[in-house]
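Read through the structure below, which is laid out as C-alpha cells, and then see the notes.
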Amino acid sequence: TALQTHFDAVIDADGKIEPRDWMPDGYRKTLVRQISQHAHSEIVGMLPEGNWISRAPSLKRKAILIAKVQDEGGHGLYLYSAAETLGTSRDQMLDALHAGRAKYSSIFNYPTLNWADVGVIGWLVDGAAIMNQIPLCRCSYGPYARAMIRVCKEESFHQRQGYEALLVMMQGTAEQKAMVQDAVNRYWWKCLAMFGPPDADSPNSVQGMRWGIKRISNDDLRQKFIDATVPQAEVLGVTLPDPDLKWNAERGHYDYGPIDWDEFWATVNGHGPMNKERLATRVKAHEQGAWVREAAMAHAAKQQQRQQKEAA
Amino acid sequence: TALQTHFDAVIDADGKIEPRDWMPDGYRKTLVRQISQHAHSEIVGMLPEGNWISRAPSLKRKAILIAKVQDEGGHGLYLYSAAETLGTSRDQMLDALHAGRAKYSSIFNYPTLNWADVGVIGWLVDGAAIMNQIPLCRCSYGPYARAMIRVCKEESFHQRQGYEALLVMMQGTAEQKAMVQDAVNRYWWKCLAMFGPPDADSPNSVQGMRWGIKRISNDDLRQKFIDATVPQAEVLGVTLPDPDLKWNAERGHYDYGPIDWDEFWATVNGHGPMNKERLATRVKAHEQGAWVREAAMAHAAKQQQRQQKEAA
Amino acid sequence: MHLADNALVLGQRNAEWCGHGPVLEEDLALANNSLDLIGQARLLYQHAASLINADPAEALRFAHLQGARQNGLIAEDTLAYFRGTAEFRNHTLMELPHHGPLVGYAVSERDYAVTIARNFLVSALMVLVWDGLRASKDAQLAAIAAKSLKEVRYHLRHASDWLVRFGDGTEESHRRAQAAIDHLLPYCEAFWHPSPAEQAAAADGSGVDVRTLRDHWNALVNDTLTEATLTRHDQPHAGYVAQGHVGVHSEHLGFLLAEMQSLARAHPTAVW
Amino acid sequence: MHLADNALVLGQRNAEWCGHGPVLEEDLALANNSLDLIGQARLLYQHAASLINADPAEALRFAHLQGARQNGLIAEDTLAYFRGTAEFRNHTLMELPHHGPLVGYAVSERDYAVTIARNFLVSALMVLVWDGLRASKDAQLAAIAAKSLKEVRYHLRHASDWLVRFGDGTEESHRRAQAAIDHLLPYCEAFWHPSPAEQAAAADGSGVDVRTLRDHWNALVNDTLTEATLTRHDQPHAGYVAQGHVGVHSEHLGFLLAEMQSLARAHPTAVW
C-alpha cells in the first residue's frame, strides 16, 4: 500500500516516524513492548538502589542517591509518555507489569547487598544500559528517540557518579575495597547477560534492525561494553571475575569466558533470587496507593462540578 | 446476714476468702478491678522493655531481657486466671482494656529511650511495684494472694537483675554512665507517683484496708521505697534528681521534694507521652491476631465433630 | 542544630517512600522534598560544624564525636552520623513513622495521609521560620533561609493541595486525613515551647522567636483545614508537650538513627 | 558458625513478636522459642570463639573483629555483634521478615502464618541435624546437640500443631498458611546444598551430611502438610537456590543486623 511504501521510505532514509504517521501493527506492538519494558525497568530499578537510601554512609552520598533514584522515576515517566503516544495508556502498561505479562530488565531481580552495589549499579549496570540505549537515540520512532536522548544523557552522568563513588571506596579501608570487589563479583556476569542472548539465538533482532529500532547486535554491544570496561576496572583496581578475560591482539578485542545462560533464562522466567519480591513490592505500592488516586479523582470531579455550577 | 457475718469473721481473723465463698459485691468488684488492672499492667508493661529486645547490646542481656518480658506475660496470665475465679472472663477484661474502660499502671505511658531504661525499670519500677505488691501476698482473697507470692518472687529477681545491669554500666564508659543517669532522671519522679496520691487524697484506701485488700497506706509505702532506694543509688553512683532529698534523723526517714501530681493525673487521664501508642499497639495486636484465634477455634470444633462421628 | 536535625530526620522519613509511593509522580515529589531537606540539613550542619570548630568550648563539648572527622575537625557527617539519639534536637513530630500512634517496635503499613499531614503542618511552620530567618544577623543562616524559603513554599503548596484532595475526596481519604491530623496536631504544641537554645538564638538576633509566629501558623493551618473540610480538635491544648527539641524523643528516633547511622558507624574512619 | 548464625537470626526474628502476639500464650511461646535459640547461639559462639582463639590461622582470619573482645580474645559477642552481613552464614530462610515476598526496605504487617510455617520447616530440619550431631566427634558440639534436640522437638511440636490448626481451620487461615508455605519452601532447597564449611565438618566427623537427612525431612514435612490439608507445590525444584549459608544473603539481613548491632557497635569497648 501507499502507506506502507511511505513508511518504508522514511525508515530507509533514516527519517523519523511520528505518532500521527501510519505504521505497521508489528512495528507499533514491538515499540510498545520495548518502551513499556524499558519504563518498567526504570520503575522496578528504583527498588534495588532505593534499598540503600536510608543507610547511605554520608549525607552527600544520600543526596546523590536520592537524586539518582528520582531520575530513574523521571525516566519511567517520560518513557510511559512516549509509549502512550502509541495508543496504550499507563494504566494498561502497569496492569501488564503487575499481572506478570510485561517484563522488566532481569538485572533488577538480584539483591543489593552492600553499599558498593549502588556504585557498581551505576558503573556497570547503567554502563551496560547506556551501551544498549545509545543506538536507540537514533531509533526510527521520534518520541522514543527523543526520550532516549534525555535518558542517555542522565544515565551517563549516573555512570560517572557510580564510578567516582567506587574510586573513593577503593582508596579507603580494606573493608571498603572488599565491598567493591564483592559487588563486582556478583554483578559482572549479570551485566554481560544484559545485552541479551548471543546473536545466533536472538530471533527478534533481524526485524528490529530492519525497522530501525535495533541498530547494533547483542554480541557487538557486549564486546563494546567489555572493551570499554576492562581498562576502567584496572584503573579502579578491581578484578573482573573471569579467568578467561584477556586482550586478543588479533581481534583487537578482549576475549571472555562463557556466560551462564541457564541462570539468565531461569531468572528471566521468574526463578531469580528476587523476582517475586520486586514485583510484589510494586503491586503492593500500587494497591495501597489506590485510595490516594481515588481521592484525587473524586476531588477533581467535585471541583469540576462546583465550577460548572458557578458557570451555570 | 449470716454470709456477711461469716465473711467479716474470716477477714477479721486474717483468713482467706476462696472463689466459692460468698463475698460482698463491692469486694468482688474491687478485686476484679484491681487484679485485672494489675494483669493489664503486666501485658502493657511488656512493651516498654520489649522495645529494646532487638537492640540488646550483648547476647546475655538479650536473653535476660526476653526472659523477663516473658515472665511479665506469665504474670499477666495467672493474674487473669485469678480474676477469672471471680466470674469475669479474660475476653471481658481485655475488652475493657481495649475500650479504655480499664486502666493499667501509668508508668508504662513513658517511653524507653535508652538501654539503661531497661535496667532502671528493673531497679526502680519493679522495685516500687514490689513495695506495692508484697502486702498483697497477704491479701484476703486466696487466689490473688497466691498469685502475688509467685509474682513478687519473680519481680524481686528482676529487680536484682536490673540493678546488677546498672552496676555494670556504671563501671563502664562515660556514655554508659550518662545513659544510666539520664534514665534515672526520667524515671525517678514517675516511680514515686506509682504509689498513688497522698493518703489525704486517696478515697479508695479505707475500704480496701477494711477488706484486707490494701494493707499499707500510699505515703507509707512511698517512704519505705525512698528509704530503701537512696542507699542503693549511692552504691550505684547516680544522683536522684531531687534537691530536697536528705536524711531526716528526727523522722528516721529521708525527706523528699513535692511530686508533680498535675503531670501524674494528666498521664493517668490519657495525656501522657505514650498513652495512645501503648493502647493502640495492644488493640492492633489483638485485632490482627483475630484470625489466629478463630483458626484455633474452628480447628478445635472440627476435631470435636470428627471425634463425635467416630464415637457414633 | 535544631533546624538541621529537623530537616535531616524529616528528609530521612520522606525518602522512605521512594519506590513505594501511591503514584509515580508522588515518588518523585517526595524524593524532591527529601532532597531539599537533606540539602538544607547539609548546609546547616556545615555551618554548625564551622561554628563548633572555631569555638574551643564548643569543640570540647563535641569532643566525644570522633567519626567522619575531616583533618581532625567536626564535619557535617560527624554531626549527622555519630551523635546519639538524645543528642538530636529535632521536634518529635519529625521522627514519627508514616502511620498512626504505635510503640517504637511495632510495624504497620505506611499511611500517605500521615505523610501529607505532617508535611503540611511542618511546612506551614517552616515557611514562617525561614521567612523570619532571612533577617538573621548570622549572614550564613540568612542565606540558607532565603534558599530554604523557596523550597518550603513549594512543599507547603504540595502538601496543602493533597490535604485538600484527601479531606474533600472520598470517605476513606477524609477519614484517613482527619485521623492523621488528630494524631499529629498535639505534637505541634512543642513548636511554641522553644528550647533554651532556640530562645538564646532569638535573643541574640540570630534566630526568631517562634512564639510570635503562632497566630500566623494557626491562620495558615485553619484556612487549609477548612478548605479540606477537616476539623481541628486540639483546642484548647491539654496534655503532654513533646520534647524532642530538648533531646527527649519518642521511641521511634532510636530506630530511625540505628538504620541511618549503621553503615557510617561500622566504618567510622572511612571516607565515602 | 552456620548453626550459631541460624539460631541467632531466627531467635532475633521470633522475638519480634514479643508484645505483639495474636494471643498472650503465643507471646510466651515465641519468647520461649527465641530464648532457646539465643541460648543455643551463645553456646555455639562460645565454642567457635574458643576454637578460633586456639588456632593462630583462624585468629588471624578474624583479626579485623575488634569489638566486645575479652582480654583481647574473640568472645561470643564479638562474633554476634561485630561481623558484617556478608560474614554471616545463616540460611536465607532465617532472616526473612514475618510477611510475604517483598524487597528489603518495604514495610508490611507481620503474618503469624509465615512465622509458624518457617518455624515448622526449620524445626523439622534441626530435629534431624541435632539428632545427628549428638554423635559428633566434637564432644562440645555433641553436648550442645543433646541439649538443643530437646528444645527443638518442642519447637517442632508447637509449629506443627499450629500449622495444622491453620491449614484445617478457617478459610483465611488456610489461605495464609498455604501462601506462607509456598513462599518459604523454595528457600529450603538450600538445606541440601551444604556450604564448603558444612561439607568439611561432615567429612571430618564433627558435622553431619545434611543431604542424608533429606528423605526424612521430606517425610516429616509431608506428613504434617497432609494433616494440615496443605499442598506442596515445590516439586520438582526449579530455580534459584538461596545462598545465605555461603554469605550471599537477601536484602533483609542487612536491616536485621543494623538494628541488632546498633547499640553494641556504638560502644565497641563497652562491657554490658
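In this document, chain identifiers A, B, C and D correspond to the written order of the chains, with residue numbering beginning at 1 in each.
FYI, a residue touches a chain if its C-beta (ideal position, glycine included) is under 8 Å from a C-beta of that chain, and two chains touch if they have at least 3 such contacts.
Chain identities (UniProt): C, D = Phenylacetate-CoA oxygenase subunit PaaI.
Since this is a predicted model, take the numbers as computed values, not measurements.
Listing every chain that touches chain B and chain C alike gives D. Computed centre separation for the pair chain A/chain D is 36 angstrom, with centres defined by C-alpha atoms. Distance between chain C and chain D, defined via averaged C-alpha coordinates, is recorded as 39 Å.
Residue numbers of chain B whose C-beta contacts span two or more other chains: 47, 50, 53-55, 175, 281, 284. Looking at chain D, one finds that residues 16, 19-20, 84, 103, 105-106, 108-110, 258-259, 262-263 touch two or more other chains. Chain contacts in this assembly follow no simple pattern; the graph is neither a line, a ring, a star nor complete. Touching chain pairs in this entry, ordered by label, are A-C, A-D, B-C, B-D, C-D.
Chain D meets chain A in the complex at residues 64, 84-86, 100-106, 108, 183, 238-240, 242, 248-251, 254, 258.
For chain A in complex with chain D, the residues that touch the partner chain are 47-48, 50-51, 53-55, 111-114, 174-175, 182, 186, 266-267, 270-274, 276-278, 280-281, 284.
Within the complex formed with chain B, the residues of chain D that make contact are 8, 12, 15-16, 18-28, 31-32, 34-35, 38-39, 41-42, 45, 68, 76-77, 80-81, 109-110, 112, 164-166, 168-170, 172-173, 176, 259-260, 262-264, 267, 269-272. Chain contact summary for the complex, chain D toward chain C: residues 16, 19-20, 84, 103, 105-110, 255, 257-259, 261-263, 265-266. Those residues of chain B lying in contact with chain D across their complex are 43, 46-47, 50, 53-63, 66-67, 69-70, 73-74, 76-77, 80, 115, 165, 168-169, 171-173, 175-176, 281, 284-285, 288-296, 298-299, 302.
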